[in-house]
Amino acid sequence: MKAFRILTLAAALGAGLTAVAEPFTLTVQLDWVAEPEHGGFYQAQAKGFFAEEGLEVTLIPGGPNAFVMPKVATGQADIGQADSTSTLLQQAEGLPIVQFAAVFQDDPSGLLVNAESSVYDFADLEGKTIIARPEWAFLAYLKEKRGLNFNIVPTNYSITAFLAGKEAIQQGYSIAEPYHIAKAGGKKPRFLATWDADFRAYAVLVTNRRFARQHPAELKAFLRAYLKGWRDYLEGDPTPAHEAMKAANPNNTDEFMAASRQLIIDGKLVTGRDADGGPANIGRLDPARYARQIEQLEDLKILTPGKITAERAMTTEFLP
Amino acid sequence: MRRHALNILLPAATGALVIALWYAIRHGLSEDFKFLLPTPDEIIAALRDNSETLGRAIFNTTKGALLGFGLAIIGSGILALLMSLSSLVRVSLYPYLMILQMTPIIIFAPILILWVGPGLPSVVVITFLICFFPLVVNTTQGLISTDRNLVELFKMYRASRWQEIRLLRVPAALPYFFTGLRIAAVLAPIGALVGDYTAGSSAGNGGGLGFQAIIYSSQARYPALFATAAVTCVLGFVFVAGVLTVSWFALHKWHDSYQHNDH
Amino acid sequence: MTALSPIVEFKSVSKRYGDGPTILDQIELTAQAGDFISLIGPSGCGKSTLLRLIAGLNPVTEGSITIAGRTPAQEAAELAFVFQEPTLLPWLTVARNVELPQTLRRTASAERAAVRDRALDLVKLGDRGGAYPRQLSGGQKMRVSIARALTLNPKILLLDEPFGALDEMTREHLNEELLAIREQQAWTAFFVTHSVAEAVFLSNRILVMSANPGRIAHEITVDLPSPRTSETRLSRPYQDLVAEVSRLLRSVESL
């Protein structure tokens, strides 16, 4: 009798479990190879936060040619990671993208300057050669705003040229290249941060408008899990995420990942460098900052007026 | 007369049909996806708005392509001559030339940037490499394939080695050379473009069409990107047309490839 | 040169290519100035090779050849070769093709032009100087080739089946032209052919050769009267000679 009761209970449980809806599948196109900048994703995935929200998330690592924007715009990926400024410019060209959460409150792209170089400030860039992505909006901003004139050489993302030349100036991520440069025996480079030139960009999550219209609940669920993942990654034990990152990118070493994570924490990149920074600020987007940047770009004629507005570019409706 | 008119009317009608189709497809796309297919008038507008940048880019790419092309012609001519004179040289070098011809030159781009610097030097070297091998292989083939009978004729008349080369081998090799030249003419703009794409530099207003393509593509400025593509097509066309014209001048009177009926 | 001293003399000439078979075996041959000697025989009998040895294009393996007392290598200046193919340079006009031997000798241009025009007139192509080879018929190209050979005023003319690729009518016509030219320029000729009729019409001596190894099997003297015309072809002596040579040729072929 008892056995029969246990069996029916088990059957009911089984039926109950299978009655739960199939998990919703999502693809995320990362902008680079798996690194601590993706800590929120990997921690959420490794610790099952996505699964708890009924989501099955596929993280597609990127690289030099990640093509995040075209993939998200055409629906080949549902969510992508990018920087807010280049996204703005592409949204102005009619790409059906919307920015819906912050990854970093300040995008850590900046200019790495060789420790022995004569360049200390933006004004010193006059006449120099910068190795960078030619379409990086910050460069156009510097040229127009500061009236600077410099040469741009397309980057191939290696630090060889940087190590080779005393006067080398290269676009880089404050939380990655400096470590690699030191590891390769170079002196710790100086870093010219974009925010010091009054250029405030976010690193953001983007999705295409159709997906946003059709799956608001899933996006909210996604963000809940993602933000939980970030907090857990930054405040707790990051090992689950790091193991997953190593699996995705065997070039990752524990030492690098620990160092990069620490730089993220020290730089308050996720929580915010401004007065309102803190754990509650993770993921938040400020429409005022968008409005300001749009105005800056329009004034400098980098953006054609009227083509994009803050309301159209970003949304906070999916944030908890 | 009728046939001549048809030769113009038919393609023109097809072209008009294609453009009509183009607009129709565009119209049919949902708002979100209109960016995938800029209309011809958007492309023309982009051409106009970016004419200064594109003009400079055309100039830079053409400069790189012409320099690389010209150097390849000269270099290949010299090497082909040397290889035709000495079978030792030919046998030693030929396999490597074949291997290099089959290697995608692009793989050398990062190395070149390190060795000769980005911008025009790299573009010229890449264009040179891409054009060099078809030219050298074809020209050498032409120089060693001279009709046996003609060679014996020259021997009979006790012609000197130099006379044989100048008056027999080189003219006989011209059709082969032009075959190689036609191939190289197609490759030169591609080489310059790819060189620019992988190793270009804006230093001194030096960016070419490839460089611009990167920028437009990354900024999702697709009308301008299409405009760049259109301009590149024209450049390629001009190169090939130029070579075909020179080829015509050199060969049309006597070579079978230009049919002539007046017995 | 006296009438007694031969213009070309073969003494025990043998020719082998490397370790290959003997192409020519102990050839003895004496040609006097003014001879028109036809060489006829089955494939492989070495008739073309014989011509090439005289021309100095290939060396003898054994024996010696003297041309007016000198070796072929030394005597090149007064030899001209007409190949089976017209071998014209396609990128040069007819005029420039005919000038070629003189161009290679760096003759002055005025003299070059005069000689060239004379040669073209001889082959009746004086008005086609500006044409390109591909605009000419097979027979015309052959005539240009002959004109070119004549510009060096050769003492010895070597012709290797020059009319082989042409039709019967053109061939007979060119035979007559060749003899007409010979009236004006007294060269000694060595003529390789497969046509018995042609050999009889043109020559004063016919050498029938056998193959494996190459030897001169028979020699026939042709003493038909000059000048030889289309009438000659209809004459009895001519036809008898053709029959005789054909018989000899067949006997050699069955060996």
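By letter and in written order, the chains are A, B and C; residue numbering begins at 1 in each of them.
We adopt the following convention: a residue touches a chain if its C-beta (ideal position, glycine included) is under 8 Å from a C-beta of that chain, and two chains touch if they have at least 3 such contacts.
Just so you know, these numbers come straight off a predicted model, no measurement behind them.
Touching chain A and chain B together: no chain.
Using mean Cα coordinates as chain centres, the one most removed from chain B is C.
One finds 41 Å separating the Cα centroids of chain A and chain B. Distance from the chain B centre to the chain C centre is 50 Å, each centre being the mean of its Cα atoms. Averaged C-alpha coordinates put the centre of chain A at 89 Å from the centre of chain C.
Taken together, the chain B residues at the contact with chain A in this complex read 31-36, 110, 113-114, 118-119, 198-204, 207, 211, 214-215, 218-222. Touching chain B in their complex are the following residues of chain A: 69-70, 73-74, 86, 89-90, 93-96, 129, 133-135, 151-154, 156, 158, 160-161, 208-210. For chain C in complex with chain B, the touching residues are 55, 57, 76, 79, 81, 83, 85, 87, 89-92, 100-101, 103-105, 132-137. Listing the residues of chain B that touch chain C in their complex gives 147, 149-150, 152-159, 163, 167-168, 171-172, 174, 253-256, 260, 262-263.
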